[in-house]
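Mind having a look at this structure? Questions to follow.
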């Protein structure tokens, strides 16, 4: 009382004035992220089987897998699209992926800011031998559109 | 306030409307209070909310149970990790899932860490509303230590999607327990500094003592829950009195303060942080081995029925009513969010406060707009 | 006008260490031209001063808060403020449609004018006082209260409720706190027997007034904080209540002028504190003006320390504190000083019982 | 929680069904008043569930077959209104649910704002999202939705208005062409 609390506060701030600072020199010194840190996504198009489990697990309809069937009736991947603008980074797609190694997985790249709206899309395409003609991308290649959250 | 000029002899003053918010530094989001003011004194206040309404309950009816789990972290984004708890409890009731013991312990640990982080935000933003920026940085640095732990265990810092139906997402990484102990020590040191700077500060006491005292009867009448209820002298904490998960295995005190004014609501958060630290330490010591996630079918169809579960979240009782129709999607999800009910007292208590006291009052109620508007 | 310019000319000459009026005597027709050059130099000095102050404030705030503060632009971040100023200059000028235009536009100009005027009164050292007034303190206090007018004009002219409330608080606050401030200064005037700032500063060559008048010093610091509307008395801006108080509706260069005026006032008020309580430019070894500026900056750091530790007090408590505590104490201090002076005079034989 | 049978005896016209107190709509105020008189109850939640005649079929998720919802549909179309009370008297504190079944055509129920003030915001929310009318209280205005909103979105027969897009037409075209 009578200003003692104020003086105590002045003492604390003076003590902190001389203590080491915690500021990170960010662009020069990159932060050490833990193993599980969820940043951007990495996609392994060689292990992907176009099963669309990730697309179905996604609460927000972020993932669109476009594929066609080749002559033998096997699913062939054309394009894998993620709209990171709607992504919740919940990890349900990574959890749902049945392949080993995971076809879709997090990587620790956290710098997701971009200048153009188009850049929030992550698109991976796979080229197949010329004998197979890729379908028209505008046509709905996948049988059903993923559920949009809430409507 | 009584000391303030309330009657100017013979002079008439004109009342005016002040829209405090939705864009205002101290409404902690897009909350709007429509104040009718007589100079600096609030004559009446009205809550205007809904600016952040995302129709989450409707969204829930369109997606599956598992898909809704990450959404639950988005209401009260300040205490994201413990928000899915009530949802998961409701789902487990609905599906009769038995959660593995280790998962229960991990839930308690992560939940309490999140409670600490959430209360630190409240303390920091409350003193920030009195323009004390330096102590705010201390508690936010303390919170950083907690967030680092949450990131290590779940991958996210803020919207921690760790709790799932039937347990938790993943086991804790190696060495995490030791890191937690160290981080708690560091957090407590900063909290001590914060308290030395603020709790005895005469200016702070002047701004908070005796401001908008809420009596126990009023708190019950207005359905206030959580720390604000306990600050009014009602000895009720779901963790102790209606124990869910494994809270009955830990010894911790439930701090109760009788006054119910802004300072008591502040003080109670400080006390609760220290109790939460105790719980985390006990849980880390007695952490059993085993599975962390019960087997839940990928395409999960609970039996038709209804379940209600509630937890003591950082801001009060967070309740979920889940109605199932036997399909993969919930038929109806209703949530009872603590902030939404807690702000009901604002119009009742605001008249007569000065504008500065009003800021002090709403800061001490500790609401989060994501939690109010859903 | 010529007289004013000549005094500035003399002032800058004093800084440069040239013998007084040497150039002017040699080349009388150069008077006006040189004075103009010096005048521009003085303004630049003021701006550099403000830039330094902002940098110091931000760095100090960072250090109190476990951060390092601005450290990227230029060496140690010294050019950060220039960077920000350029950014502010490039911003759009927004004026509310319903603003009282004349009042709205004059307010930021007035606050800077007042600050510049206050700079001219300070005794930077022997021979480098721009304007020597024998009623210096009186004039200083009078001109500093014009700030109130400018803030009130901004608050009224913006036609915004937040601005108006902020402006109204300012009037109540600054006018009230001028009373204890003046009362605390009167004690020193009684001891020195002069209203001239230079005389007061040089009268402390043996012992600083802070040791003679400690109570007056505490009162002065508190009321100076209130006058400058710095925390814990930052009612005028009060981000958490009034968004930005009186300058909520100002942007671009107009906001910059308010900002500049605020920091210029911080310097002049601290300089007044140094003159009154810390012996002004008195000091060994170094040139007097270095002592003066150095002491002022230490005083400023002390104010920043207070500012970055405390919270904002409540308006009514602030007024109560002023009228019920500060003013009675300063009156009692005045009485005590009067009695003390008489006893001192009796003891040294200056007067007879 | 206190034994539900004892509680039911104290409440006029209440019957027990699956651990829930069922009360007729016109007696809800009397029921809650009786419960409040017993002491140590907090009304902390009011929620409504829409049970239309034919439970609205939910849109099937890709790859998941829609299940029959006939079994949960109530025998008659109705609104279930649940008042959740917190019993703080006994050691093991728990929730008590008091339920009212409302007519589906024009759901209305007396307001309990006179019993517990906490009902104010909760009743407004229920009206806003579910359209259950509360009689005997003022200002049953929109609370979460905007004032000019039409309809009550949580009802099963609510048709979601077309989603407004805030992106530029060029962007929309580009997205539609799959160029992104």
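We just call them A, B, C and D in the order they show up, numbering each chain from 1.
Methods note: a residue touches a chain if its C-beta (ideal position, glycine included) is under 8 Å from a C-beta of that chain, and two chains touch if they have at least 3 such contacts.
Bear in mind the structure is a predicted one, so any value in this text is a computation, not a measurement.
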Partner chains shared by chain B and chain C (touch criterion as defined above): A
List every chain that touches both chain A and chain D. B
Farthest chain (mean CA position) relative to chain A: C
Report which interface contains more C-beta contacts, comparing A-C against B-D. B-D
Approximately how many whole Å separate the CA-defined centres of chain A and chain C? 54
Distance from the mean Cα position of chain D to that of chain C, given in whole angstrom: 62
What is the distance, in whole Å, between the centres of chain B and chain D, each centre taken as the mean of its C-alpha atoms? 23
Computed distance of Cα centres, chain B from chain A, in Å: 28
Which residues of chain C are in contact with two or more other chains? 64-67, 308-310
Two or more other chains in contact with one residue: find those residues in chain A. 6, 9, 12-13, 16, 22, 147, 151
Can you list the chain D residues in contact with two or more other chains? 59, 61, 64, 160
Seen from chain B, its contact residues with chain D in the complex are 47, 49-50, 53, 55, 57-58, 61-64, 220-225, 234, 236, 238, 241-242, 299, 301, 304-306, 308, 310, 317, 319, 321, 323-329, 331-332, 334, 336, 340-341, 343-344, 348, 373-374
Of chain D, residues touching chain B in the complex: 42-45, 47-50, 55, 58-59, 61, 64, 66-69, 71-73, 82, 84, 86, 88, 91-95, 97, 116-122, 125, 129, 142-146, 153-154, 160
Taking the touch rule as given, give the residues of chain C at its contact with chain B in the complex, in rising order. 61, 64-67, 161, 165, 231-232, 234, 238-241, 243, 308-317, 320
Chain C-touching residues of chain A, taken from the complex the two chains share: 6, 9-10, 12-14, 16-17, 19, 21-23
Considering only the defined contacts, which chain B positions touch chain A in the complex? 55-56, 58-63, 66-71, 74, 134, 138, 141, 148, 151-156, 159, 161, 169-170, 173, 193, 196-205, 298
